[in-house]
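One chain, chain A, appears in both complexes that follow, with chain B as partner in the first and chain C in the second.
Presenting the complex of A and B:
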């Protein structure tokens, strides 16, 4: 654990922490653009300069790419470092269009923040500004390249983190361009994260542009309702309308990002046909009145037909609160049918999965990211839970072996942003002893498996759970 | 004493394989493979005092010694022939006359470093040099001096020629490695250095053409002989100087290290052109500081040139005569660097066009007093760029501001270039 001094504060951080993060751990924000906690270090923007006054390294250094070491004495306010930062802002502002009044990023713009913080105010460059043509990138994202400060965050996320191939950087020198070869919708189902990750307004959310300013929005911590992954989101509301959804950091689940469905697929929330208040036979009324009417009608129905004729229909996508209340209602109306699936065999598989799931065998996304062997059981990841695919990709890039158990893997395998081995059945996944990879597997630290509940019957779920348990136990051994 | 690099050259055509063999070519390789251990070859290079001829002048043997001996997996040698420094054309001249010294030198380097497979990364425009190298590699293979089981031994070494798509930044060794891997040629962060983690993450040595072409002579005649070639005691070997500008003979010469700047100009260059007077020169390619008439007695060696505030660099000497505007000359160089920035880091990508704008304005008569201060800020703060491109680009500007500040001020006060319309 290196011990260093940053602005007269003694700091101790885990080995491998860089100076920028070490400073952040004691509440000192060193301005930065290209640094992002979820991405690899680039060292491109040169804004995070600090001065090393003493220790193993001396002079001006970029704090993002400098690992903290014992004995370092760091100044984040040294005049020379401040001057360099001010010049970096001046350089970036040479070509920036200064169009904040019509930029949707205004108010949440890192470039605004660090321009104010950086000390550069008066323009000295007398030449013309460089300009670009923008591209059509689909219905989700608005492109405005003139605002770009070339931090390379977008391309590092899109290609390196998310495995996308249709967006990148072209050109060189002052003409580097972040876009596609030709206009067209971005193909990656994670493209919306460009909005969050861009420190300025090159990529803005087209679905919610020009509706309100950042400071106008009401925020609330929320969970994405679209799949069972449970990514953390922060919906932005303005005048009782959901305008934007952005990712909310949770390192156990989605990290810094969400998928495009979670971000852009929100039209139904504001749909005019959605009931906004309780109604009886189409006529608006108060809550108490509506609940009384509901209770009255159910009791009338039972009186005429008996509880056996009553079915309470829920959905596997119901919120936890709704599902609990529906269950309580069913208990109260003894004899009524409570059902979640049209097909009863699906119901059995789900029930088995829920019953077999416990704190020991449930894996979080961060567990998945650190796994050494992952089996995907008859699962189209990009459909069922896209953020799972990014977690598996992270593991795969770190060397994990990924198996896709599927009768017809073709299409599902093609779109995955990582390499995996297709196998016909779960038995072909090398667990303890079995299969070619068995010997190696025994030494693995962690195994994880993820299964798609629909379509599996009770015995298959049990089989999968047992396999997962073997993998987990095998991992704990020597 | 006979100098090693140009001794095989013919005036009108490239030396043939048979002629090179006849003049003792590939004897060093045969000597090394039959009678020297790889460590002995490396030691000879260390003892010879050979320093990198691409511009940085880093001791070659020391660079080799950074390659970990015990790492599993392949290691690589890359010959850097992306010669794009304005004013530098020595590698082209060498290879257009003789590709064999490089091929033999690379084979020796591979033997010393335990490399099975080496690459020559050659600039797109160097078609004649590439053709010579392609032929030379085939001939060496045919003669059993390259490829499987060299000279009947159990040593196998291959050399591949890679024709680059071409950008100045590809001459930066880590950008070169990215380019060779098929990626964007942005430089990589150091550490890790290529010697530890380079091409496809394997240990990699990147050496310049001239550096590698010196190795056969070092192995054949010994490090002491190589050292004795230099005219000054600290120097070692010969150097290719490629001269352009206001001299009578604009050509590439092989001269002992330590030859003075004045001796180069008055000797093989035949003096200044048309009776012009020497004003200044760039001694080692566009990314080195100007030297002036007071430096004509400086021996051209890495340390001595560094002592007077410039660099020996690549040996690309550009000579300027009295009456030549150095603001315009510097602007021309900055224009090149601004265009060739890879676009990765802010100071280089945005700072160089800023400098270009200011110099263009001064040259056009629109300069202001405060511009000098802004230029000086750039000289200082562009040194904090990601790689050495922008600091190198600032070298001629720093030279301009150090030695010719009056000339710049004259532009500003007269509101025009004083050398125009005289």
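Presenting the complex of A and C:
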């Protein structure tokens, strides 16, 4: 664990931590654009300069690409570092348009923040700015290339992290352009993250443009309701309307990102037909009045027909709070029928999964990312839980073996952002298979995971769980 | 459409590479030699040969200044504007060429003979200022020498 000194504060960080993160761990924010904790280091923006006063490296260095080492004495406030950073900001701002008032990023723009923080308030450059033609990138994202500061975050996310191939960087030098080969909707189901990851307004959320400013929004930490992965989100609400959804960091689940369904598919929330207040027989009323009427009618119904005739119908899409309250109500009305599923095979499968999953064998997305061997049951991963696919991709890039139990391998593999081997059944997953991954698995004997589709019946869930257990233990079968 | 013989030879080139991307520059150069410039159709063909997307081929094609994504004249003149040639007044050479050919950098002369492009260092700093005409290097340039070279290259073409 290297020990170093940053602005007179002694810091000890795990080996491999860069100086920028080491500073952040003691509350010092070094300005940066291209650096992002989830992406590979680019060293492209030159903004995170610090001065090393003593130790193994000396002078001005880029803190994002400098691993913390024993004996380093770092100054983030040295006049030389400050001057360099202010000049870098001025240079990054040379081509940036003065369009903040009509830019949807305004108020939540890293470039604004660091331009002000860097002390660059007056433009000296009088020449022509470089300009580009924008592209149509689909209904989710608005493109405005003139604002680009060439940090390469977007392309590093889109191609390297998410495995997309239809968006990238063309040209060189002052002509560098981030876009597609031709106008058209972005193909990656993770494209919306460009909005979050761009430090300025090159990519903005077209579904919520020009509605409100950052300081107008009400935020609340939330969980995405679209699939069972449970990605953390931060919905942005203005005057009782959901304007935007952005990712909320959770390293155990979704990391920094969410999929496009979670981000853009929100029309139903603002649907005018959605009931927004309690009603009795179609007439709006207060909550107390509605609850009293409901209690009265339930009690009348039970009085006439008995509790056994009453069914309380929930849904797997009900919020956790709602589902628990419905259960409470069923317990209170002893004898009422409680159901959450449309048919019994769904409820059987869910029950089996709940019973068989425990702290030892349940895997989080971050467990998946670190797994050595992953078996996917016949499921459409991009449909059932797109962020799972990104976690599997991360594992696969790190050398994990990925197997897909598929009836029609070609169809199931088509859209996956990682390579996998198709096998006929779970029993065919070769635990002791050759290759580096197999050897590592034998050595570490951990991190084998299975994931299956919804709608499996009880015995299928049991089989999958047994297979997962066998993989986890590294045993040779039941 | 590219001829079958070219397709077969390019497929062999890609197969011989450790990773297909490594063969991308060779494939683009061959296709450019065939079409005269790297047409949109050629980008698509290169993408299919290399197993890349069109965008990924475009990324490489637009990075390299000797891959042309626009139609060019019979011969392409690259005038170095890197530091050594700049110190040796390459701007005067560029100005002279613009005048003689009647075009701005990026343009093609009215007779379709020459396309004029600036380029970065060709490794001819010792003979600066330098330029190349269809791959033939010329150094120690003066306006008079440029006129001679243009005449010679024009004669060779006809």
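Here is the rule we go by: the second predicted complex is superposed on the first by the 436 of 478 C-alpha atoms of A that agree within 3 Å, B and C clash if a C-alpha of one lies under 4 Å from a C-alpha of the other, contacts with A are read in each partner's own complex, and residues count from 1 in each chain.
Everything below uses one rule, namely that a residue touches a chain if its C-beta (ideal position, glycine included) is under 8 Å from a C-beta of that chain, and two chains touch if they have at least 3 such contacts.
Just so we're clear, the structure is a prediction, and the values are computed from it rather than from any experiment.
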item	value
Partners on chain A (chain B, chain C) - clash or fit	clash
Contacts of A:298 with chain B and chain C, given as first, second, both or neither	neither
First, second, both or neither for A:285, with chain B first and chain C second	neither
Contacts of A:338 with chain B and chain C, given as first, second, both or neither	neither
First (chain B), second (chain C), both or neither touched by A:351	neither
First, second, both or neither for A:166, with chain B first and chain C second	second
Touching partner for A:180 - first (chain B), second (chain C), both, neither	second
Touched partner set for A:310, first chain B, second chain C, both or neither	neither
Residues on chain A lying within both footprints (that of chain B and that of chain C)	169, 171-172, 175
Chain C-touching residues of chain A, taken from the complex the two chains share	165-172, 175, 177, 180-182
Contacting residues of chain A [partner chain B, same complex]	41, 43-47, 49, 60, 62, 65, 83-84, 87-88, 91-92, 94-95, 124-127, 149-150, 152, 169, 171-176
Chain B residues touching chain A - in the complex, by the definition given at the top	167, 169, 184, 189, 338-347, 349-351, 353-354, 357, 361, 370, 374, 377, 381, 384-386
Footprint of chain A on chain C - complex, ascending	43, 52-56, 58-59, 62-63, 65
